[in-house]
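Each remark here refers to the structure printed beneath this line.
Naming follows writing order (A, B, C and D), and every chain is counted from residue 1.
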Amino acid sequence: MIKVGIVGATGYTGAELIRILQGHPEVKIEVLTSQSYAGQEIAQVFPQLSPLELPVLIEQEQDKLTEVDVAFLALPHGVSMPIAARLLSAGVKVIDLGADFRLKDAVAYQTWYGLEHSYPQLLAEAVYGLPELKREQIAAARLVANPGCYPTSILLALAPALKHGLLHLDTIIADSKSGVSGAGRGVSLGVHFSEVNENFKAYNVGQHRHTAEIEQELAVLAGKPLTITFTPHLVPMTRGILSTVYAKLRQNLEEEEIRAIYRDFYRGEPFVKVLEAGQYPQTKWCAGSNRAFIGLKKDARTGRLILVSAIDNLVKGASGQAVQNMNILFGLPETMGLEETGLWP
Amino acid sequence: MIKVGIVGATGYTGAELIRILQGHPEVKIEVLTSQSYAGQEIAQVFPQLSPLELPVLIEQEQDKLTEVDVAFLALPHGVSMPIAARLLSAGVKVIDLGADFRLKDAVAYQTWYGLEHSYPQLLAEAVYGLPELKREQIAAARLVANPGCYPTSILLALAPALKHGLLHLDTIIADSKSGVSGAGRGVSLGVHFSEVNENFKAYNVGQHRHTAEIEQELAVLAGKPLTITFTPHLVPMTRGILSTVYAKLRQNLEEEEIRAIYRDFYRGEPFVKVLEAGQYPQTKWCAGSNRAFIGLKKDARTGRLILVSAIDNLVKGASGQAVQNMNILFGLPETMGLEETGLWP
Amino acid sequence: MIKVGIVGATGYTGAELIRILQGHPEVKIEVLTSQSYAGQEIAQVFPQLSPLELPVLIEQEQDKLTEVDVAFLALPHGVSMPIAARLLSAGVKVIDLGADFRLKDAVAYQTWYGLEHSYPQLLAEAVYGLPELKREQIAAARLVANPGCYPTSILLALAPALKHGLLHLDTIIADSKSGVSGAGRGVSLGVHFSEVNENFKAYNVGQHRHTAEIEQELAVLAGKPLTITFTPHLVPMTRGILSTVYAKLRQNLEEEEIRAIYRDFYRGEPFVKVLEAGQYPQTKWCAGSNRAFIGLKKDARTGRLILVSAIDNLVKGASGQAVQNMNILFGLPETMGLEETGLWP
Amino acid sequence: MIKVGIVGATGYTGAELIRILQGHPEVKIEVLTSQSYAGQEIAQVFPQLSPLELPVLIEQEQDKLTEVDVAFLALPHGVSMPIAARLLSAGVKVIDLGADFRLKDAVAYQTWYGLEHSYPQLLAEAVYGLPELKREQIAAARLVANPGCYPTSILLALAPALKHGLLHLDTIIADSKSGVSGAGRGVSLGVHFSEVNENFKAYNVGQHRHTAEIEQELAVLAGKPLTITFTPHLVPMTRGILSTVYAKLRQNLEEEEIRAIYRDFYRGEPFVKVLEAGQYPQTKWCAGSNRAFIGLKKDARTGRLILVSAIDNLVKGASGQAVQNMNILFGLPETMGLEETGLWP
């Protein structure tokens, strides 16, 4: 059994890790940390977990955390850096669900996140944990930077097209829509039910931090740097991200030729499904599941490719993908603990 | 492996049976029927199920249905009767998720459901499948009448109090609130998003059909007939039932004495959790799970007991309970395939 | 033109007062106060109000507030007391939307609200502002205690029955369901979208503060003291309260006789509509409107009367009723500024 | 008083017309038609309207309809054509809220709507009723084609930029998100609460009928033909449309220069508000109001202009705009009956 620690167990991605891992046949949750609730049972924070046998919440500074095989860091950016360094020194593998190790460039980190990176040497080592693109590198890693939710949805949508050079790189626009859980469990007027319900808005227009991570990985796929326009929106629902991505096609391919490229690219991938012509995904198809669905349309009138991808932001966009990465790190079947279909309706 | 058939696989309780059973280690889904979609893949109806290997949808008349070990009937009331009879004759065990075999009294069936019961002899044989109350009888049954969603939530809340004679039987009021999935997948103005969203209403006030079933089983618990007032309400959410139940206490017990009776009654039950003083359940604690949570309050000012219970109407209120019954029928651990905690948030 | 001040203009009841009063033909909004946003334009807080010409937000201590004809206090309980006293001294009429002047008994105030009442003499003077019950007293008042949202919905449902002695007074149970805006604009985990959406719960079971106010006014109607059981619930919607009220009938009246009593009681009331047999209200019928709808059912099987009432908690349950009271205070037609029908869908 | 007829009064745009017009000081609603509910009171269909004095529903064939001054047609496309012709012959002004008279080209109508236009001569006469762009033509019209909801939101967002030649015309992408009421009151699985709630999807990707109307009017603004990419999405909310529109800037203008152009273009417009830098609209700001809010961002990294517009699809996107057009037709102040601010929260 793999001994697991979850650092930041009382946020939404932490809770989702518990939900997934408690059903994983090769995992034992050994440590749960919470700075706010240390000393309490997790069932005092989440009564719905009361039937499970889980360790008492402790502070992340405790030694016990260094005795696990792998630690998931479900923390705000800026906080993960020193903890990751400490755990790696102790021989613990680290999967960071935050943003601290996703960017390769410490300067870019400072630009987008507004603070200096204190462990730039770890940036070089960290592997960007999108299994469909970097399976081999993840398998050999000590430190996995779990991708952001928006980037996961956008990279999966664009990867085949960029790998095959189908697109004009300066025409990419990603218009993404997210459920509210992506904002975390912290309280603010922006997540007040009465302000979000029966409402829809764009936010961080043209300047969301995930832009840096998306462009970095798209550049790897394309083999050259590029810039995109990225606009996130808030949907009055809890879970799910749908990204609608637009770009000009370089060649006049038929839609079915493009679909064939996509099918080929994702052949054998257990968590990515390319849909039929005229079929587009719905976020609820993924609720609680690690699956991603991709629909595509050639807009023949304008020569654009329209890609529509859907994931559950807390699963494939966070905790599920983290478990998928853990499975790879430990040589387990990649779908172990992640077979669940979405909850419908 | 138990060979399973699901009759009416494209409704919500049918889809939920598929979701639960595809993760059950001792089950193979052999037959899925649908009168509307016969001949199609289930993934054409529910694309989110596309990665699963499932049989093609067939009509319920086909012989193949009689070759399974157990059939779940997820059909409107009135339709199950002849199918159940046919399957039982063929040696198939039957778990009916509809209302056709819940009432012991064919006259009451006709009164509440407006049609004559064509197999009254099966009414006597059928076991009302609430495992926490009738485990032994279910184990020996051929035909299980899976309880309604409202009755499950109300019976679990009242059972310990009635068994212990705590209540004045003529003072029971059940005020229940259900998500919209309880109305099924059929279309009507009453389930139109724009009419339900940001709206709350009572319906079938004082005359909902589940009243008969609730009173029948409460009478068994109390050892004498009784009538209750039952009011269902529609909540703008998809899943979940919360019932708030009121009754006068016969004796002046302390709240903690009552709680101890409840804890004792449900000791060892894997799916029922009695909450702490001052703690009341939320429907979302059960989303996708087979658990029931019960909170209780002694209203000392009025001498009433207030019970609050929450379940997922599609799981403990339908398909999950049906699988729990199947586990009992086949001598399997009762929690097999049902270990999942609720989806939160 | 009546010069109006709104104290606490940036909460939900304050914003709703602005929305209603800006369309009132006899009102000029002269003062808006906010302790958090003083010095700013209201349109900086609520951009949707940007086209309106409204005064800059000031602190409630400023002298300007004492120059209005009437002040609406939209403040947390405990805060209104000294402000009301100061304004009354300056000759300003006061309509308090909070709880500080609703209870006649300073001891009860301390019991339920946990702090000593500092102006008990004003309690005697204040008129409980439910126009359908106290129109004449309101007309003569200086200080109106605007009723709570739950009490409004419950009192309107029960008033005719209590006035006519139809009910056993010790059998009254009010099961109420409210949208989230009733909790105000303050942030907390309890109003976090991801915790409220697709969820339903009871809260403050058997001990909500509104109980005191409901019982006080029911006692006036009944002519003798009584206690009720009151359970509030939180619905995943923004606006609306629906109360389902149960009580034993003293006599064996026909349902239509009871309906006739209700119709007679509310004859000519512009804001209260008694529904047909078999018809029950929906909260959305009132969204944005000052109307209350009442449905009723005689549950002949149990001898109970079931009452179902619906209001918009922010309109008839707060700001709309406050404007109705203002109209009475100033001798205007009671519907002035309040003619709007609900928003549907 | 203007005598008004509403043809198709029991759909959502019909109900919204009643809501708005019953508060309009210069209007008397003389005729309400409904093919499904003819002979009934409108309050039987919409009980929330019960206090209003409104005419009994009649069939649209009745002569009484030809005696009004102006008729609003709130009908499915294809149905309006003969009724409009008949009413115009009788001297009645017609405002069609459907799609039958929006396209100037009968061939394009047939291409996009799949049926032949039976009154092509009326296409030439009809005025596309977007008051901010065509006020003078509307004033002189007999037949107004009220714009679609998506087109209204997109045209208002792009008009200033196109009029001033700011954009590369072949780079325009409109990504729109609509509440469910835009789909009308008809029942289908696509508007079933359980399928829409907690869900988000794209639909009619690259082929929505509104594309034709948007391109036609953008071409007028730009002075030359163009094609756009338009993707509509369904948001789990009832009201509201938000459009996010992208295009490449032709010149390197500063964001504030662009904003100045927008402010200048919409100066004096009562229903269009251009927001501050960094401020983006929310659909709920417009709930129940005829206002449109526009935010804009220059994405300096990519040289694109990002426009975000929000309206209530049933008001500025349908019935409110229709009343605005009526006001223009009859020489009334354009805001009459439409002064209401949005409902918040």
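Details
Just so it is clear, a residue touches a chain if its C-beta (ideal position, glycine included) is under 8 Å from a C-beta of that chain, and two chains touch if they have at least 3 such contacts.
Keep in mind it's a predicted model, so treat the numbers as computed, not measured.
Between the contact lists of chain C and chain D, the overlap consists of A, B. Among the pairs A-B and A-C, the greater number of C-beta contacts is found at A-B.
Taking each chain's centre as the mean of its CA atoms, D is the chain most distant from chain B. If each chain is reduced to the centroid of its CA atoms, chain B and chain C end up 38 Å from each other. Centroids of chain A and chain C (each the mean of its C-alpha atoms) stand 46 Å apart. Between the Cα centres of chain A and chain B there is a gap of 36 Å. Annotation for chain B: residues 12, 179, 181, 194, 197-198, 236-239, 281, 284, 287, 345 touch two or more other chains. Of all residues in chain C, those touching chain B in their complex are 170-171, 173, 175, 177, 179, 194-195, 197-203, 205-206, 227-229, 231, 233, 235-240, 242, 244, 246, 280-284, 287, 295, 297-299, 301-302, 304, 306, 308, 310, 345.
Within the complex formed with chain A, the residues of chain C that make contact are 12, 179-181, 185, 187-189, 191-194, 196-198, 236-238. Interface of chain C with chain D (complex): residues 12, 15, 19, 22-23, 46-52, 181, 185, 197-198, 238-239, 270, 273, 275, 279, 281, 284-289, 291, 293, 339-345.
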